[in-house]
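Each chain gets a letter, A, B, C, D, E and F, in the order it is written, and its residues are counted from 1.
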Amino acid sequence: MPKKMKRFRGRRPDATRPVTFRKDVAPRALGSVLCSFGKTSVICAVTLEEAVPRWMKEQGTSGGWITAEYSMLPYSTEPRKARDVTRGRPDGRSQEIQRLVGRSLRAIADLERLGPRTLWVDCDVLEADGGTRTAAVTGAYVALALACGRLRDRGLLESWPLRDSVAAVSAGIVDGRPLLDLDYAEDSAAEVDFNVVMSGRGQFIEIQGSGEEATFSDRQLAAMLTLARRGIRTLSAAQERALPKNLHRR
Amino acid sequence: MPKKMKRFRGRRPDATRPVTFRKDVAPRALGSVLCSFGKTSVICAVTLEEAVPRWMKEQGTSGGWITAEYSMLPYSTEPRKARDVTRGRPDGRSQEIQRLVGRSLRAIADLERLGPRTLWVDCDVLEADGGTRTAAVTGAYVALALACGRLRDRGLLESWPLRDSVAAVSAGIVDGRPLLDLDYAEDSAAEVDFNVVMSGRGQFIEIQGSGEEATFSDRQLAAMLTLARRGIRTLSAAQERALPKNLHRR
Amino acid sequence: MPKKMKRFRGRRPDATRPVTFRKDVAPRALGSVLCSFGKTSVICAVTLEEAVPRWMKEQGTSGGWITAEYSMLPYSTEPRKARDVTRGRPDGRSQEIQRLVGRSLRAIADLERLGPRTLWVDCDVLEADGGTRTAAVTGAYVALALACGRLRDRGLLESWPLRDSVAAVSAGIVDGRPLLDLDYAEDSAAEVDFNVVMSGRGQFIEIQGSGEEATFSDRQLAAMLTLARRGIRTLSAAQERALPKNLHRR
Amino acid sequence: MPKKMKRFRGRRPDATRPVTFRKDVAPRALGSVLCSFGKTSVICAVTLEEAVPRWMKEQGTSGGWITAEYSMLPYSTEPRKARDVTRGRPDGRSQEIQRLVGRSLRAIADLERLGPRTLWVDCDVLEADGGTRTAAVTGAYVALALACGRLRDRGLLESWPLRDSVAAVSAGIVDGRPLLDLDYAEDSAAEVDFNVVMSGRGQFIEIQGSGEEATFSDRQLAAMLTLARRGIRTLSAAQERALPKNLHRR
Amino acid sequence: MPKKMKRFRGRRPDATRPVTFRKDVAPRALGSVLCSFGKTSVICAVTLEEAVPRWMKEQGTSGGWITAEYSMLPYSTEPRKARDVTRGRPDGRSQEIQRLVGRSLRAIADLERLGPRTLWVDCDVLEADGGTRTAAVTGAYVALALACGRLRDRGLLESWPLRDSVAAVSAGIVDGRPLLDLDYAEDSAAEVDFNVVMSGRGQFIEIQGSGEEATFSDRQLAAMLTLARRGIRTLSAAQERALPKNLHRR
Amino acid sequence: MPKKMKRFRGRRPDATRPVTFRKDVAPRALGSVLCSFGKTSVICAVTLEEAVPRWMKEQGTSGGWITAEYSMLPYSTEPRKARDVTRGRPDGRSQEIQRLVGRSLRAIADLERLGPRTLWVDCDVLEADGGTRTAAVTGAYVALALACGRLRDRGLLESWPLRDSVAAVSAGIVDGRPLLDLDYAEDSAAEVDFNVVMSGRGQFIEIQGSGEEATFSDRQLAAMLTLARRGIRTLSAAQERALPKNLHRR
């Protein structure tokens, strides 16, 4: 690797990749979006089940539930990625990500207001170039808001069940330099890799940071969190533009 | 059900649904297309593996291989369809379909000319309204032709490996009346259901016909085959329009 | 392969192999038969479950159900075929066949008359020399008729639940020549392979035809259907001879 | 249950059920037999693999290997027994039995003389009325001897690889009374259940005895072993009668 | 192997290894013990479930149930043993052993007195040097007695549910010489291997004896049973010393 | 829950639970320890495989590998936790933790110095009262250092392969108050839950923080990181005391 890796198309260290949301890509879903961060694209689709998980019934918990599943389509990477079912069991990394997506959405949702139903949030990666988990969280919120809008239109909600918006972005240290929203080449070269989930109001929801072959200092942590905060502001604004006015967070 | 079920939007008994191909929906793939038959949409994407299956090596078979996988995305149906990996094992119907797609493509391919490599053809249903297997075969051919074009552009092919085009369509008997290209409602009401795979030159590749709760006569068989032949002509023409001139079948 | 492959023991192109039914090979079953087409032998055994599948209860469907399972015993082929359970998951081909057997029997059954019970039809191949699926369907009907006879004898049926008989036979194109009831060597050399399921009254129930590395014409299709129709007549007559008079189709 | 359970057809406490061997029931196998102990019938079939297990190669062990698999056909019991593959994993009891069959055969075989090959011994229960594991061992020996005869006929063996014959029988305590070769009703009522595997020369190979809800004394143990020894003599004689002279143990 | 294998630390042929019970190693369990036979150590822990298995409810069987699970921790052997879950399915040997442990405990328990609850007995091998199954049974009894003591202290038992104690020990023939309580090196060299489960009162519960590559005589059987009986006396005495007076068998 | 939850035994908000390391609990392992944080105890054991994973060979990566597996013993919680193998597939949470343990150890190891071998680090929870993943990381380091000491003693290492020590601790917000090293009751009541992995030299290795039903602020993040840093100092000192001088980090 050269001394200083140049970012694709001259992107600045503190800039996200272009973010887009193509709505209703999966017309059978209650709400869906193709969320792209540059060359990373994830289909996020929300479907409705008029029941809650067994454990909620058994524990007598009222309200609803939001759960997520994440998978990479075989042709999202090069070389092709074998399907989970071929290996006969789910992938540890996929499970880790789908748990993250589910927690992130539940953190900004008022499950009581959802009523006794489950929203399934499926995230299928169509194109992978780093940051699929952050694009999944960011897209999942938009699909969820669209889905809640449909529920409200059908008269199934008494009050709006989302307290805030949520987005996620990565930050990392590459060649000793803090960078925002790493693409695949940057991610592979990163000494430290952070994923930050924040609400639109600027509260933290989840921080995951790791230095696989390295450690990092307080100062580096601070720099990455500053970048992440900046990235979340950009993403939250894009989410707000993508959603009709009447679905904006209250 | 009324005496005579009306087709959606006044479609004639011998008409296919509107057919479209959106190319390059999966940019990492060697070739990809979103093939839609009305409200049925299937992502067909071809990826390259520079190796052949173990059995070919063991048997000393020369040339390459084409294999297919088929899956329904969870949000392609209502209610949501659980992922194969959740049930821990593949679905009998999915396996049946992916075997059909693979056989159909190999029937028009010259595997010798492909060279010692495997083309994986993944078909993921994004929206299901009947006829997902026929849309999968029809789209898979377009994705395959695009992929072969890329291989040729990279100088990996000495001669064009596709001898003909291939498309598939369904026909059935509903209320005693032969219909072409059944949608989900029609398929559910059909006494007999046929899937026909044919080459662009009008040769048969595969015929699968079944009357789950019924039987059918010679005359009905003939009527369905006539319809299917007509449908294949429409689909072949659409495939040809969708592909650049230099990828048309020789 | 020589120009014209000779059939084993000088069999004519339009002749089936010798067909036999050995009844009651599995004495614990409600009805059972060892059905042989030449050197292909399949144990077909019907057992009774006094309940219907969960989906029938959930959908409120009345009547009964007939379902099939198909498997090859490890010593039915050379080399030995590993058991499904060893590979941890069922075989795509086996699933395809058991779905075919189930559909074929349900097509001639009046499930309403069966009452709220399930008949399980197990087909285990004892010796495989091509045509195991057609022998399975053909034997399954005889086992089913025997089983229904027992149910009637026990006073469990008000009226006879089989509307017709059903048999299956293969036809194919080998060296350009249409042949009936292919054995393993012929099947391996066939350009086109058809399996036809028909009722004793001569109605079609299922047609499956495929040219893995080839295509076929209208004329060839017609020739194979003519052969198949002839083969079905032979098989139906053999089924009728095998069954006691009072179990013949009405 | 009455004070003293009467044995079926007035069988004496120290008598086995009628034992029969129907040879060559699975013609593709190297050797096969349908072994029946009264209403218990097991297909035992031996197939050849011209290779040894990976662990033998890794350990540099010379000679061959004999391994067994055991399964109950779904229609061998009432109610129907679901296939192993349906439950997705093998049955603990089946594994226990197939390990027993394998050990029993290896105890009387000279694996060195077998040469670098594996004999697979498949035991599939066609009809189950108690004692399926003892019928499996007893039939497996006959199938193995037939298979070794074929190997010798093909010139693949330099010397006879079986040092002795092997048979198995059960004994138990029912209503406080020792009985030989328990059928299903007796087995269900037994306080203690023994399976004894012995060689034709009267050496023990395996003893498995258990009192699920009970314990047993030295005296009872002695009585059961006496019965078992007597049963094995009967079975060994029957095996010898079933086999051609030139396949008798040396 | 030398003519006569010397036992580790000069152990006599009829001596067990040092036996110890470290109580309450798993403080969350109702009762637990680390049972060591020399260098073989097994964690035995009993947990309570206030329900009985589904089959007991369905059959209307009253009383409770005792069931066991057995597993080897990956670091109990050299080389490391892969976890069962890695292979995706349980190990045949493990299943055989856990069935043995369960049967042995139920043979001395009065399940009626246990009340409608299940005791789960988990046996995890921490260090393996031969005889893990006998240490598992022997330790499991101590853990079970401790657990029953806790149940009684909580007022959940009306009367003591254990009718006797139970212990297990191995005996074998090594170099033609009968030995008690084989360690791994001896077990690997044994011609015959016996596991005997007996009650504290000297009744047999289970006998499993096998000569994998050999057979054994009446005289050898008698010698092994004599050794086993002697070993069980030692183990029963050690169990009694390990347990508080008020938990001794009645 | 009362206004302010009192910590068990009056523990201060910024205090860890008592930390102990019992060495060599698994004598067959290369290095092992029972690491306890109060009532949470984890067996950490390191075993040696003289080979590297297939992907390292394929990628031509030199040096060695460290990988971890994590599991909860069934009796570590109340109610009993079913084994992974019973459910047929690994647990998402377990996979997440074992990936964390592996990454944490690799971050302080010099894999090049390890030589072409794999160290397997197994963490089995014996008693669970919150913080099992942090106890696993903290104990795993001690077991790893012991194992490396043995490798060095055997002359298998040229230079010491650990660059630093590593420990992990949790911090959280309970009733709005930051607490260090949460036990189960505290963890269940926490609004925010952080796990921090740090090296003995005070560098971060991993930060994972999540507010399942809540969000957290910059100020709260800072408070938790301050607590964690303090906890790591305590744990690192305890690790150093537990290890022989010649195994201390360089």
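Operating definition for what follows: contacts are C-beta pairs under 8 Å (C-beta built on N, C-alpha and C of every residue); 3 or more make two chains touch, one makes a residue touch a chain.
Just so it is clear, the model here is predicted, and its values are computed rather than measured.
Least step count on the touch graph, subunit C to subunit E: 2. Most remote chain with respect to subunit B, judged by CA-atom centres, is E. Of all residue numbers used at the contact between subunit B and subunit C, over half are used by both chains, marking a mostly same-residue interface. The chain pair from C-D, B-C or A-F that repeats the E-F interface, sharing more than half of its contact pairs by residue number, is C-D.
For this pair, subunit C with subunit F, the centres built from the Cα atoms lie 59 Å apart.
Mean C-alpha position of subunit B lies 51 Å from that of subunit D. Within subunit A, contacts with two or more other chains are made by residues 88-90.
Considering their complex, residues 89-90, 92-93, 95-96, 98-99, 103, 106-108, 164, 199, 201, 203-218, 221 of subunit B touch subunit C.
Of all the residues in subunit C, the ones that touch subunit D in their complex are 25-29, 32, 39, 43, 45-49, 69, 71, 73-80, 83-85, 88-90, 120, 122, 124, 126-128.
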